[in-house]
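Both complexes below contain chain A, partnered by chain B and then by chain C.
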Partner chain A sequence: MSSFVKIKKENNVEIAGVKTSIRNWQIVSTGSESFNFILGGGLELNSITLIGEDKYGKYSDILTKLFLADSFHHNHHIYFASLDNDPKKIMKEIPMPNEYQKDTKTEETISNDLRIAFRYQDLPKIDSVQRGSSQNSVTYDLTKKYEKDVIERYEKINYYSFNEQQQRGENVFDSIIRDLQSTLAQKPELLRVCISSIGSPLWFTGESFSSDLITFLTQLKSITRYNNVVCYLTMPLHLINLIDEQLIFKIRRLVDCNINLESFNNIEKQTNAVFKQYHGLLHIKKMHSIAALQSHKPEAFDLAFKLKSNRFLIEKLHLPPELQENDSSEISMSCSSIASGGGNKSLDF
Partner chain B sequence: MISTQIIGNYKFVLFVDDVGIERNSVKILDNILREANLLYEINDGSVTVLKQTNVILEAISRLELEYNEKDIFTNIQKLKLNENVSQIFAWISSNNVHSKILIPFLEHMSELIVTIKSNNQLSILSKSKSGNVKLKEYHHELMNNKTMIKEIKIEKVQEQKEDVNVDNIGTFKIGQFTAEELEAKRNLKLPFEKINSINQEKKEAKIIYTPDNVDDFDEEDDPDNDLQFI
Partner chain C sequence: MALLVSACGFTEPRKFITINESCDTDGSFLISSLIGQRLRQQSSAIILVCCHQSLKYYETCGRKLGYNLSMSISKKSFIAIEPLRDIIEATTLKSIQSDKWFDDVHEKIKDFQNNGVRHISVIIDDVSFFRTFGCSEAQLIKISIKLNDLTRQYDGLSVILKIGLTDLHQHLANNIQDLSDCSITVERMKSGDFWDVDGKLIIKKIKCDNGFYSTESERTLLYHIGDHNVKLIAPGEHGLKF
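Up next, the complex of A and B:
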């Protein structure tokens, strides 16, 4: 008879949709496979993630919808605040999950017409999409939407919209904190907080905006840490920069994870020809590390995103091969134009 | 006509004037809306709109004197949410406003931005509901009360790329082979190429040994002689 007593992890509650990972303790999916992979599995429980919006908000909108879709699918409690657009309307447009598909990753081997060494013939084509090897997470199809009443009937959701703010008449930040505290008083299993476009014109409270925002984030952080909460915020950082240049650094200190999107519009400046196949760049400014000393280090820091009709993909940034000598008017990487020896066209070996 | 570009699904249309023609702003907007046969009422944002109409806001630089920025944004949003309002037109002159944030913030809120860059040039930036953004440049004569605009097509300056004649690039041929050369090329055995199983030689490993003149089979000194194996 041994006196060995097995230590049970009493606080490891099984919540649907929350995975336990070695490094990050408990993680929640963002809704996008690639995004999960970059974050090291997903969003950490008890963390605040900040997405810096792209200038016209198209892609950050999609990421928000994916986050909400995942929350809805796993039956989590949702708190969705948005002053710019009607949150109920956005919620009705969330994507449906893909039906469970077995690993249908078609391995495109290099075609047989090419005569290359046998060692390389059977290798699959290079796939720079960031994704994990296990395909267990639920993915969402952006083209499929739920039926209207399915979402209307969902009870575990609280909205905060512009009209709500006008009715209450108090400071936006105060009312959100109050709402969160009352929602948490009901002890939900997991509360997913999604606040869109903080810092847009409608959030502006005047001269005290900077300090109000910092106070709000501090309060939010303490709520998030001590309850089962995951926060997902988006901010139009180009506007916040205009209010106060130092503000973004203070904000970054308070959130746990900060990822900025930069989309290519082809309007203001001619998009570099190099970026033709992508829709924008992804900048990781801060990585979360609540449960560990070191944060997850992504495989590559040069990341670009692409929006396919039904998926949001993040890829390692690849420059296309420099096949021809380009004129200097077509913007190419400066080192390559120097290396091509400017003007001398014959390939002499 | 400028009205065809502006009138439509864009709830909040912003005119950004970099030239300084604010005193003509109401006249210009009046011309445009009259051309499209639309009713409008001038509003400073604080009055509730009760019947179906378009709203021309008082010039933002004037509103700025009366309200603070927060109230301007809130009032515009209330007008946007008001179902009686078909479209809101606002005029902002960059040299008349004091607040640095007004123009970028209002641009963020608007669905269509007309930027009057000079006396004869303007640009229209339109944001569609699906998130796509388009920017077009036009010639205009709004100062002369004319509402015709002509699109300027920006021609991409394409320097003549000398067509690289592939054949003459290097010291070896890349394209254009004769039939014999092609045949020879196809039959060439490359070093690490996977050989087709049909043509594969027999699987036994053969050691082909041709002894030189100097090599002799030395029967007596063969040390393995006494081993008894087959």
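Up next, the complex of A and C:
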């Protein structure tokens, strides 16, 4: 007799906002369509996702708000800890779902009417934005915000802030673990844990910080694996590297997914023509593989992000087309000059 | 999968195998394939100490590789000890620090031996986990020596130890590797991430003649993890195609 057992849907828990991925594991949305696509559908249930913050935390904060917005929209239980900012204040800034997504897409297709280069009219438009074909996922408009009362009335949320840490006067990591245990004792359907800027100077516990952080992440992993929990952490990795260069490898081993954001704050990258249309790069370090031997591989590993007025988009990084030769431009994209003896003429192939 | 199992020496009568994972690699696919191979043996039993991945992970991977772990659990030929699950409880922390888990493993080996099981495999998924909870490297090396002694004491017993982050725990990894008769190192490709190759395996087989240890063979293979199998590729097999 064969030992093969067909995986039944009954094994999975049916929760609003939780889908089954192609890898036959349950996933929740990150709130960003592009980010979901890169992760292979979303964040896997029972997993820890670590976002390496950009230098000033601007873009990681947006991703955090999108994650919280999706949790709020699907009425999931939230545990939100942040020492650097007031978590209640951040929660009040979460974006609202976008209702007019489909209409804008049809408008775009209608306006694409070529008169001179009519041969190319029927060709599919090259879209380097990373997004799936599914129309069912909820997208969020960063310009729209909920009314304060709506957020304040939401009961399924627990906060942990700097003031609370001062009041309790105990180790921050122990407090969070205890809070999570007591929240899980209430048996929520799904608990979404969001810890912002973990490892920033306010989290510093002294000389034992590195070991405290590793112990905390191991305990968090234990909680996450054996309960209906999804963890989303953001960490200022540039600061963590200053404490201990090896620490990041230990951290990465304990989390299931690690994606780092690099924003263009330095002048060199800001002025580079290659990066002109983007706000930063996205580095994939580790992907989820909770339910399979093989982890999901995105379409491209070279990714960049940009923030539009109402959306956070991730695109394949590509060189911009050089439409005309411009001798006065400072940065040349062609393979010229050096090989041709220092002259300004481009090579002819 | 059969190719991977035989290349790694899992089919040979090796008593003490170490799996070394360097930074940013995961050798859990080796354990999954090893479990599959051992379960297919007649009169076999497995004791798995889950510290890095949960039992659920191995069950799910097992289904994809073509074996059913839940059936083996119900038959009592597979026992899982999960320190990762109970780590928050103070009693579990104490038991980890005081090597009580080793005594549990020993008792289970005795039970299997008394029940007439011929092939017993003890798999410890990540020894470096115990370092997080206050176990010193010396303590872990002592436990490894004890486990090695058990393989001599019981005929059908083999021990498989996985060590994570060997780049950071080199002292520990080297000492445990000295005890092994087969060591497998999982490494990343230094040149970056690829679609066709996930990393490389360095398989070193050691033989002992009258107390003298020498390297029997050393092979480097590239691997690619698929959804239902692991493909092995010899270095240089992939070339540029125009």
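Keep in mind that, in the parts below, the second predicted complex is superposed on the first by the 283 of 349 C-alpha atoms of A that agree within 3 Å, B and C clash if a C-alpha of one lies under 4 Å from a C-alpha of the other, contacts with A are read in each partner's own complex, and residues count from 1 in each chain.
The rule is short, and it goes like this: a residue touches a chain if its C-beta (ideal position, glycine included) is under 8 Å from a C-beta of that chain, and two chains touch if they have at least 3 such contacts.
Computed from a prediction, not measured in an experiment: that's the story for all the values here.
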Touched partner set for A:Ser208, first chain B, second chain C, both or neither: neither
Which of chain B and chain C A:Ser200 touches, first, second, both or neither: first
Chain B versus chain C as contact partner of A:Tyr226, first or second or both or neither: second
Partner chain in contact with A:Asn98 - chain B first, chain C second, else both or neither: neither
Which superposed partner A:Thr20 touches (first chain B, second chain C, both, neither): neither
A:Gln246 touches, of chain B and chain C: first, second, both or neither? second
First, second, both or neither for A:Gln277, with chain B first and chain C second: neither
Common ground on chain A, meaning residues reached by chain C in one complex and by chain B in the other: none
Residue numbers on chain A that touch chain C, as the complex places them: 3-5, 7, 24-25, 177, 181, 211, 214-215, 218-219, 221-223, 225-226, 246, 249-250, 252-253, 284-286, 289-294, 297, 301
Residue ranges of chain C in contact with chain A within the complex: 23-24, 26, 28-29, 32, 54, 56-57, 60-61, 63-68, 70-71, 84-88, 129, 132-133, 164-165, 167-168, 192-193, 195, 225-227, 230
Complex contacts: residues of chain B adjacent to chain A: 68-70, 73-74, 77-78, 81, 100-101, 104-106, 108-109, 125, 127, 130-135, 157-159, 161, 164, 168-171, 190-194
For the chain A and chain B complex, residues of the former touching the latter: 56-59, 61, 83, 115-119, 121, 162-163, 166, 200-202, 204-206, 236, 238-239, 242-243, 265, 267, 324-325, 327, 329, 345-349
